[in-house]
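Reading through the structure tokens given below for one structure.
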Amino acid sequence: MEKVNKIIKNSYIHSLENCRNGDQIEEIEAIQNVIKNSKKIVVATSNGKKFKVVKNIILKVLDNHCNDNNQNNVNIEMLDICTNSADLTRMPALTKGLIAVDITDADLIIARGRLGIAGSGSLLLLMDGKGRILTGAMSPSSIIHKESIEHKMEFELLQALKKIGIMVEL
Amino acid sequence: MEKVNKIIKNSYIHSLENCRNGDQIEEIEAIQNVIKNSKKIVVATSNGKKFKVVKNIILKVLDNHCNDNNQNNVNIEMLDICTNSADLTRMPALTKGLIAVDITDADLIIARGRLGIAGSGSLLLLMDGKGRILTGAMSPSSIIHKESIEHKMEFELLQALKKIGIMVEL
Amino acid sequence: MEKVNKIIKNSYIHSLENCRNGDQIEEIEAIQNVIKNSKKIVVATSNGKKFKVVKNIILKVLDNHCNDNNQNNVNIEMLDICTNSADLTRMPALTKGLIAVDITDADLIIARGRLGIAGSGSLLLLMDGKGRILTGAMSPSSIIHKESIEHKMEFELLQALKKIGIMVEL
Amino acid sequence: MEKVNKIIKNSYIHSLENCRNGDQIEEIEAIQNVIKNSKKIVVATSNGKKFKVVKNIILKVLDNHCNDNNQNNVNIEMLDICTNSADLTRMPALTKGLIAVDITDADLIIARGRLGIAGSGSLLLLMDGKGRILTGAMSPSSIIHKESIEHKMEFELLQALKKIGIMVEL
């Protein structure tokens, strides 16, 4: 957490001084570390199928990183309350993630929902325990892609991880 | 505008009644119509190069749709104020778009910026005049992709349009 | 709308140049004008009692301003969908207001709900058709004040209007 | 933190089941406890005068509660970066608070800034380390009240604390 605070603060200072020059390698590494070292992970869904897809991938990410780590230290849960209410907000995926931030003590949250208004397609977000967005991925509306939601979610999560340099083999 | 209000309201009612069943074809069509019929378009950037990329694509979208439309009716502008301040917010791309919503009378806004914290990659959003999100696309952090920003922006805009069924040939 | 866009843009430019020096009288006047000249007003509630309180006050504000205005031109409505879902968001009052922004063509929205987390008290907001916040007022949690919600809402709306220089006599 | 998560979750469940019946006394108490037990407090300003006003009051709140507490355990700081960029967002006070949330490890943040658009008056917010809003207070635009900012800030902070049942004598 401390490290991410510092990274964000530095990027703010650079922006204020008009000398920010694109993303830095330390920033990507800091994001990777938050994800790989998370101990309590919450998937902002109450859908068991979606949860299983995410759990499967996230465990591999943690595994790759910490060979001698006792996996029992890691806790992956889904939410036990319904998040449909988020669909009445401007950014349903974001709102779902913030529900998980606000009712759990997770240090990593994975949320998926609509990007914006009805028809705008879907957004998957990885957030830290304060609700800061670490990475994400998108899919077109289901009416365009016609694939199963589980398949899409797997694809999006792999893509979101790849975007910040974490490769997962299934 | 009226049509979109109704589409959103219907989706809200379906969510409240727990009978929403994925996106509807009318929803995609309503989004397409907002984009194709927009008369005042603002690109939330003060960078001439980025503006040109977006303008080039958006004019084709309007063209394809309205053959007998006098193109002079359409107005595409960039912002004449700096939007770097958005980088000190949780979702820079969204904040940039809202700056354009709040200081212009555009009915279509195209904004691009960081998705979340430093290192999280970029997000391109298409928003209507109220700031509602119509579609979007993402790229990895520039440190990962190593391509020019103009090239990335072109790719993202084409992808965002394709996601809602608008194909553009360059 | 045009006028407000310009007022906001000017304030942004002054902030960017570090020469903003507190609020200007034109800014207050622009806010007053949005409220007094609104033609379609939506109260973001489906509660008839709350609606009546707001309607009663708002009609007086419009009246005072436009003596020779045909009041029939003005349309005040409440929402016909439930907004309780907003209580699962970080700022319920704001979320309720945005529901009204997104599903109606109102040019003035009055929303009231919780300020933040449970126990944080209530917030009343006046927003324009794009969701921009014009003014507002707060009350403590009902557990602290023990007054009727209608009474509190009346007090808050009068206070919110007074804050921007609009006095209403009941 | 744990306690607040639970309180928020319960309020969400009650809202989902349509059986929420106003704020509960435990909710107010939980908010009081977050404030009184905070160890690292950040005032989201780089203005020394404003900081002093807030520090003075907050230390009394902590004092009252923990008689045998070593005050040295408590750390009150202001931000060492400029937060003016927040004025180019829809809710400057909220944005300032989130800057503090995102670049520090504070467990209590006090932020003050504009409520909404230029002219809309000011908002003071108390937030926890995740950015959740605990309480707040408002003042009219400075052009209406004509008092010093320090005086107003003192008044607002006392009011925000009083709203959740914390009385402070100066």
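Letters A, B, C and D mark the chains as written, and numbering starts fresh at 1 in each.
The rule is simple: contacts are C-beta pairs under 8 Å (C-beta built on N, C-alpha and C of every residue); 3 or more make two chains touch, one makes a residue touch a chain.
Everything numeric in this text was worked out from a predicted model, so none of it was measured.
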A-B compared against A-D, more contacting pairs: A-B
For subunit B paired with subunit D, centre-to-centre distance based on mean C-alpha positions, whole Å: 35
Intercentroid distance (Cα basis), subunit B paired with subunit A, Å: 23
Subunit A-subunit D separation of Cα centroids, rounded to whole Å: 28
Of all residues in subunit A, the ones touching two or more other chains: 8, 12, 15-16, 85, 88, 90, 99, 102, 117, 131-132
Arrangement of touching chains [line / ring / star / complete / other]: complete
Residues on subunit D engaged by subunit C in the complex (per definition of touch): 4, 7-8, 10-12, 15-16, 18, 20, 22-25, 27-28, 30-31, 84-85, 87-88, 90-91, 94, 115-121, 123, 125, 127, 131-144, 162-165
Residues of subunit C that touch subunit A when the two form their complex: 83, 85-86, 88-90, 95, 98-99, 102, 117
Subunit B - residues contacting subunit C, complex: 1-2, 5-6, 8-9, 12-13, 15-16, 81-82, 85, 99, 101-105, 129-132
